[in-house]
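One chain, chain A, appears in both complexes that follow, with chain B as partner in the first and chain C in the second.
Right, the complex of A and B next:
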């Protein structure tokens, strides 16, 4: 069994635990850079979509996994980012400016909606974001001279340093860059006082408050950053789908994002990527087995949402640590071989903290 | 000058729609007060209740009253099992896990209903369908009137139940202080399951009352979003508050549909909800409380 001993405070703060980790991440990066040259166009496109969902997943992970708040309206933020980016591009603003603007504007929207609701318990945020998502969806439909309404909105081709990003490979690299940027921001935030404050809020609001953390401020910050990252993902999403329609940003998409976070494993950035991979692969998996399922199950109209619902329920009931937890257990089995016992992975009994003020 | 009869008409229609929101909100509030869980599948339970009633009344040809009563009992039993089998397992997990669990359950219910009853809208004949009542010159649809009267009757029944019966008082005790309730020998877990049962029964009743006004279909559960507005206005902990909140939302929505351009009516409830959270997040009827650490 290999155990990691820290001998220096800087090790505790470092982005990578050891040189081994550095090596594996560098190898992964090289593989991802050469991937489009080896893989076919379909796989490159799917990977690009995965990266975009992972960007939104990392954003939502900061909110749900680290701050312990839940948002059911992140599809709306994705939509705001997508429409902001597309509308600005149509006005002739260059892509390298519209992309950050889309993120920042979405972040401001998030702060505006988070600030009033976050005074109350986290539950109110879930309800408020649900309502917000529904309002934004209606705005996308009705504000026709900006969003094109139900007719949709053709997204102009973005140019980066004069190179048009009109093929899947271009989107792939752009998404990869943004994903690495977002991961870098998230990892750095999480080892700073801000991230520690979020985790403290997640674990106990009362004790965080008594340690001098301004609850409303840090919760709003978490929500705004989460929304902003989702806005960035939205800007990329606009180019990924190339044609924006308002019904793409409904509650089901929000539930998909939440599924990313829960399936991936709460409280791990790696989980956000794993979860995004799962959510992108599930529809593909359904498409492959659709014709072979008995009783015409594959042809049911509500199959996909109900499968997402079922997966959520099963994960929450039986594997709260998600895919990341499964990976850690798998790794531990090898590292500790042959000392794995039935009790090794047992969950600690947890007790809910009453949010009731009495 | 506005037509007074028209205004009154809108108020009655709004109050009827609002009673439905209030009934769903009542379900949220009952469960929230007792277990601090919020059941995002409440609207879908209403949908299931409506479909069960449809099966009993339209398919098996039962009398309306018998069928409705039986449907409420069946849905309540479903609610009991839901808590006993699924929700009880997540006690102790963070609140948002419960939110996601119930949301996931809602999607499963929708698919289940779609498989069992199909995706088309259905309806059944009630004693109130297509009838009107003339009240001193004001013509009111019997369906709307039945919703309002049914809600009022239910409130009286619930009030008597919670204040006069042994079981109701035990439920209040369990919601106020679980530990003390345990010490007093109250079977808290069973009580919580029973509260889920009542909440599901109320949802089913809402579905049955709604059926003459709008058809029963798989997506009728999305009404629940509007009920959140009702519950928040009522302060998310007060039973009369949620009903009054529901009626307020219903009436505001009717007037928005009458006065404002198309598209506003659908979002009125959500706008009211957000405004309420900004202006007075503790609700209209909240008592002030501090937390002891």
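Right, the complex of A and C next:
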């Protein structure tokens, strides 16, 4: 087992625990930068899609995993970001301006939905955000002279410094940059007072309040940041799908986002990335085995959503720490080899049982 | 001039008067103890002071400043910190994070500088870390610094909660049953800490407590409550020998009770 010996409080403030970690992340970055030159177009496209989902996943992780609020309406935020970006581009606004505007405007929408739902939590909040999602979906359909209604419209080509970015590689790099930016913001907030306030609200509202945390302010902020990040993902998503139509932003997409957060592992940014990878890979996996499944299971309609639901339930039951938890256990196994045992990762619950009042 | 003053405070929940015209004042530097049978309204008084409940009538004054209608999240900033009877820590955060949350009311950096983690944020974080480490050293919690609260034994959690309240740098500390769930030695230790808090840190303490040994050990004055009303106030021995208090704990004769 490796130990980090700390000699300075500054070491706890850094984004990376050690130079070793810094090295691995740098290597990963280099690999991701050269990947489009090595991989085929299909894989580059898939990775780009993964990055876009990961951006939204990080946003939702801040809300669900760190603040303890739930949202079943994040597809709507994705849609707001996508339409804002595309509509502004159609007006001739340059992409480097429409992208941040899409994020900021969606963030404001997030604050607007966060504010009235402050007193709700759990199921009630889920229902309220679900309703919000379907209202926004209806707006996309009916506001025809802006959104083009059911017919939709083709998203204009984005230009960055005169270079068109509508090809797969362009979208790949754009999404990678946005993902790194969003991760940086999220990690910064989480090591700042704001992130701690969110965790405090998640764990105990009453004592968060008596420590001086303004619940309304921090919950609204969490909604705004979460929605803003999802809006950025939406702006990229518009270019990824190239053609915007309202049916892309349905409840099923919101459920996919929630799946990212839960399967990835609540309360971890790495989990958001792993979850996004899972959600993007599962449909591909189904597509590969679909024809070989017995009894015509592969031809059943709704196979994909039901598998998402099944996985979500199984993860909540058997692996509450999600893929991130599995990764940590896997790492611990190698670090402690050959001393790792089944019980090593188990939380010590004996104290909790002897407690008088819980 | 007393430091804290509760002036004729009452709170009603429907038809129940949980706290009924209670008045008391606390001098700077004393340990003031509230005792009474279950349901007497002791914790309710704490919830009124930390503004989790609103008073139906009456006034609350701290350092000459009325705070009867101050929002609950401003109380810590005024210099009043509290602990909870059933421990309200943040179980899925480390001890260090819990104590840092205690520093929340002293944070000054803006949201945008936090997003970019500017040098000003870094400086402030280091400053707060040092303050937190002082509390960790004071309470001897070094070896649990990076443990999740969920993995800590009950006795340690009780101390952590005390530490989190101390991290807000309070002038007035409200302790809700600091000894509940602790064994004899742990209770004794808690008593020494409360004395240290009073003598070394100069913090005024209001405490709800059932353990009479602890009450006798630390408190300067005691107030006894029953059914939301003050039945006795004075030194610990005066209150314990007061006939009303004995009746409240042991029961009076039947005719009087009816």
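By our rule, the second predicted complex is superposed on the first by the 341 of 358 C-alpha atoms of A that agree within 3 Å, B and C clash if a C-alpha of one lies under 4 Å from a C-alpha of the other, contacts with A are read in each partner's own complex, and residues count from 1 in each chain.
Note that in this section a contact is a pair of C-beta atoms (placed from the backbone, for glycine too) under 8 Å apart; a residue touches a chain by one contact, two chains touch by 3 or more.
Just so you know, these numbers come straight off a predicted model, no measurement behind them.
Trainee: Once the shared chain is lined up, is A:127 touching chain B (first), chain C (second), both, or neither of them?
Mentor: first
Trainee: Once the structures are superposed on A, label A:162 by its partner contacts, choosing first (chain B), second (chain C), both or neither.
Mentor: Neither partner.
Trainee: Between chain B and chain C, whom does A:10 touch in the aligned arrangement: first, second, both, or neither?
Mentor: In the superposed model, A:10 contacts chain C only, not chain B.
Trainee: Kindly classify A:309 by the partners it touches after superposition: chain B alone (first), chain C alone (second), both, or neither?
Mentor: After superposing on A, A:309 lies in contact with chain B but is clear of chain C.
Trainee: Looking at chain A, does chain C or chain B touch more of its residues?
Mentor: B
Trainee: Where does A:92 make contact in the superposed view: on chain B (first), on chain C (second), on both, or on neither?
Mentor: Neither partner.
Trainee: Touching A:208 in the superposition: chain B (first), chain C (second), both, neither?
Mentor: After superposition on chain A, A:208 lies in contact with chain C alone.
Trainee: Which holds for A:196: it touches chain B only (first), chain C only (second), both, or neither?
Mentor: In the superposed model, A:196 contacts chain C only, not chain B.
Trainee: Go through chain A and flag every residue that touches chain B in one model and chain C in the other.
Mentor: 206, 210, 351-352, 354-358
Trainee: Which part of chain A faces chain B closely enough to touch in the complex?
Mentor: For chain A paired with chain B, touching residues are 64, 68-70, 72, 113, 116-117, 119-124, 126-128, 130-132, 134-135, 138, 141-142, 206, 210, 255, 258, 262, 300-303, 305-306, 308-313, 316-317, 320, 349-352, 354-358.
Trainee: Can you name the residues of chain A that touch chain C in the complex?
Mentor: 9-10, 12-13, 185, 188-189, 191-194, 196-197, 199-200, 202-204, 206-215, 221, 267, 347-348, 351-352, 354-358
Trainee: Could you pull out which chain C residues touch chain A in their complex?
Mentor: 50, 52, 71-77, 81-82, 84, 86, 88-93, 96-97, 100-105, 107, 109, 111, 114-117, 121-122, 125-126, 129-130, 133, 150-154, 164, 168, 180-181
Trainee: Help me check something: in the complex, which residues belonging to chain B touch chain A?
Mentor: These residues of chain B touch chain A: 36, 38, 86, 89-97, 99-101, 103-108, 110-112, 114-115, 119, 218, 225, 228-229, 232, 263, 266-267, 269-271, 273-274, 277-278, 281-282, 289-293.
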